[in-house]
Amino acid sequence: MLEVHGLTCERGERLLFENLSFSVRSGELLRIAGVNGSGKTTLLRLLCGLALPDEGEIHWEGKKVRTTSEQWRRTTSYIGHNLGVKLELTPLENLQFARAISGASSTEPLEALLDKVGLYGFEYDPCRTLSQGQRRRVALARLMFTRTPLWILDEPFVALDVAGIAFVADLLARQTDAGGMVILTTHQDTPLENKIIKELHLDSGNS
Amino acid sequence: MSQPPLHEPGLIEVFGAVLRRELTLAFRHRGELINPLMFFVIVITLFPLGIGPELNTLQRISPGIIWVAALLATLLSLDTVFRSDFEDGALEQMVLSPQPLPLIIIAKLAAHWMLTGLPLILLAPLLGYMLAMPVEALPPLMATLALGTPVLTLVGAIGVALTVGLNRGSALLSLLVLPLYIPLLIFAASAVDTAASGMSITGHLLILGALLVFTLTLAPVAIAAALRISTS
Amino acid sequence: MWKFIHKFASPKYFYNISGKILPPLGWITVALFAVGLVGALFLSPPDYQQGESVRIIYIHVPAAMLSMSCYVAMAVSAAIGLIWRIKLADIVAWAIAPIGMTMTIIALITGSLWGKPMWGTYWVWDARLTSELILLFLYLGFIALQTAIEDTRTAARASAILALVGLVNIPIIKYSVNWWNTLHQPATISKMGKPSIDASMLWPLLVMIAAYMCYFAWLTLKRARCEVIYRERNSSWVKKMVGEAS
């Protein structure tokens, strides 16, 4: 279980959110909503440990965690606005590298994995030639070889077509069904199939 | 979901994967590989044109010229070493990797050194000869470069890591990094000078080696910390 | 112990306590400068070799001493801010940087002024002057990096790394420059600072060093105090205080 207590974040002059508290249990999906500039992305970056909060604590399984610790990096997977997909490399090369630095991962052949995300036939094309949606699929394929219990995803549905959205929704459902957790931001109403969906509104003060 | 067995890559495997990725990326931009080398050659060519072709003068200042040019060429090529990874989010993935960030950085910089430092070392004797350096000083020149260019890369990368998030970081980068290059410049150039006058440079090489070991130990940690700050 | 440090590091506490320390410290500084300058300019004898120009030493030596120790203080303070995330330490490092830079510039200018009658030229690549010049670059780099990064916290953390790298490098730079100097300079050029110094010259020098140190402490506190209240301007205690005053 993830518990967030009294998270406060200022950026420059502006107070993005103050004294924010919420929790996510095993098998739950948390959707963070809010207008542009309400601090959704910043919140995700605080949770995954890229940025540090001004105040507040994050607890995991009842214990306080340092979000910059190695243990935390083994617990979370983060896919941000910038996908981290190298355009000069092929999807296969991208995933080979991603898997090498991902810690414990499944040994499933990457070609089979790319097939599953719908990139069959594109394994050996440079990502530069792929569409935005296909590039996002390459990034999302990273989630399939790690076994991290907490996924933190910034706008995972952007640029995806109908089949892509269904695929991601299915991926998220499997994660929560297996007892994992998902925290994501999304603008559009997407057909999430997860059993428990929580919402957190950032612009209306605290949830 | 079926659960295939999990595999945790070892440190050597990680190092290899990063190195391979960096080299692949570099070769997909083959055209840019030659730029720092051309810079190195052209800067060195400018000196005889500015000072005059008198061989005694050139011989006197050649170690300094070659070393200053190597230092600037390295700094120039380093400027982009983290930039593209910063812009497309790959750097975030590296920072968030459970693998040690300093290890990933060392692998990245090793690849960078193989593509810029190594050709520099191979090219230097030719340029040294053109600057009237005595032939017996050329192997020592290569030795100092072999020990010194990794230090240039490692120390420079600290500055790059600190400025990678800034729009116009290049001018700032020279201000941050060049003062830190001074000890290396002093010892390396004087080693070549000493070798040119026919004396032993074992002492110099030991100092350069010590600098290399020292930098190799501390710089990756500093770069990792700087990258964490730059991605925050 | 931790509680005490955090209490002292709290902006409000610092603001109040520095307000109490500043006035007496200021007067001590003025008094020390008065005594030191009279001693240095009128009471101490001219040097039998250097004549009246020796009096530059009383300005130069304390500035040169402080230029180096300011960097150490700045780097240590920045490191404390980086590691324990104490905002006040960031502010102190920020406050010291331009002071240290100014001390370095004073040391450079007075050093070259002193050098003119000694060496016949304002600039000689003397080991100390060269080290001082490199130190100036280090200060400039620190300040430039800090101004280049918009977010004050990121700026503080990034420049703290730079300051630490500089701190580790300073001994190496000093050593290498000294070594370079003995290698290239003929030994006849006399170095600044003398091994033995007469008591009539020593006491004004010591008083001047004390004066510089007090001035440094006063200026650092003053700058940090202003910056604390500026950065905390949106906090409740500042608003309350301003509200009471107006």
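The letters A, B and C name the chains in turn, as written, and every chain counts its residues from 1.
Keep in mind that, in the parts below, a contact is a pair of C-beta atoms (placed from the backbone, for glycine too) under 8 Å apart; a residue touches a chain by one contact, two chains touch by 3 or more.
Bear in mind the structure is a predicted one, so any value in this text is a computation, not a measurement.
Peer 1: Going by C-alpha centres, which chain would you call the most central?
Peer 2: B
Peer 1: Does B-C or A-C have more contacting C-beta pairs?
Peer 2: Answer to which pair has more contacts is B-C.
Peer 1: Using CA atom averages as chain centres, what separation in Å is found between chain A and chain B?
Peer 2: 36
Peer 1: On a C-alpha centroid basis, what's the spacing between chain B and chain C, in Å?
Peer 2: A distance of 33 Å separates the two centres.
Peer 1: Just how far, in Å, is the C-alpha centre of chain C from the one of chain A?
Peer 2: Spacing between the chain centres: roughly 47 Å.
Peer 1: Out of chain B, which residues touch more than one other chain, so two or more?
Peer 2: In chain B, the residues touching two or more other chains are 232.
Peer 1: Of all the residues in chain C, which ones touch at least 2 other chains?
Peer 2: Correct list: empty.
Peer 1: Touching at least two other chains at once: which residues of chain A meet that condition?
Peer 2: In chain A, the residues touching two or more other chains are 52.
Peer 1: Over in the complex, which chain A residues touch chain C? Could you list them?
Peer 2: Of all residues in chain A, those touching chain C are 11-13, 15, 52.
Peer 1: Name, in rising order, each residue of chain B that touches chain A in their complex.
Peer 2: On the chain B side, the touching residues are 1, 3-9, 13-14, 16-18, 21, 24-25, 28-29, 84, 87-99, 104, 228, 231-232.
Peer 1: Considering the complex alone, what residue numbers of chain A touch chain B?
Peer 2: Going through chain A, the ones touching chain B are 45, 48-52, 68, 70, 73-74, 76, 78, 80-89, 93, 96-108, 126, 147, 174, 178.
Peer 1: Please name which positions on chain C make contact with chain A in the complex.
Peer 2: 85, 150-152, 234
Peer 1: Show which residues of chain B lie in contact with chain C when the two form their complex.
Peer 2: 158-159, 162-163, 165-166, 169, 172, 175-176, 178-180, 182-183, 186-187, 190, 211, 218, 222, 225-226, 229-230, 232
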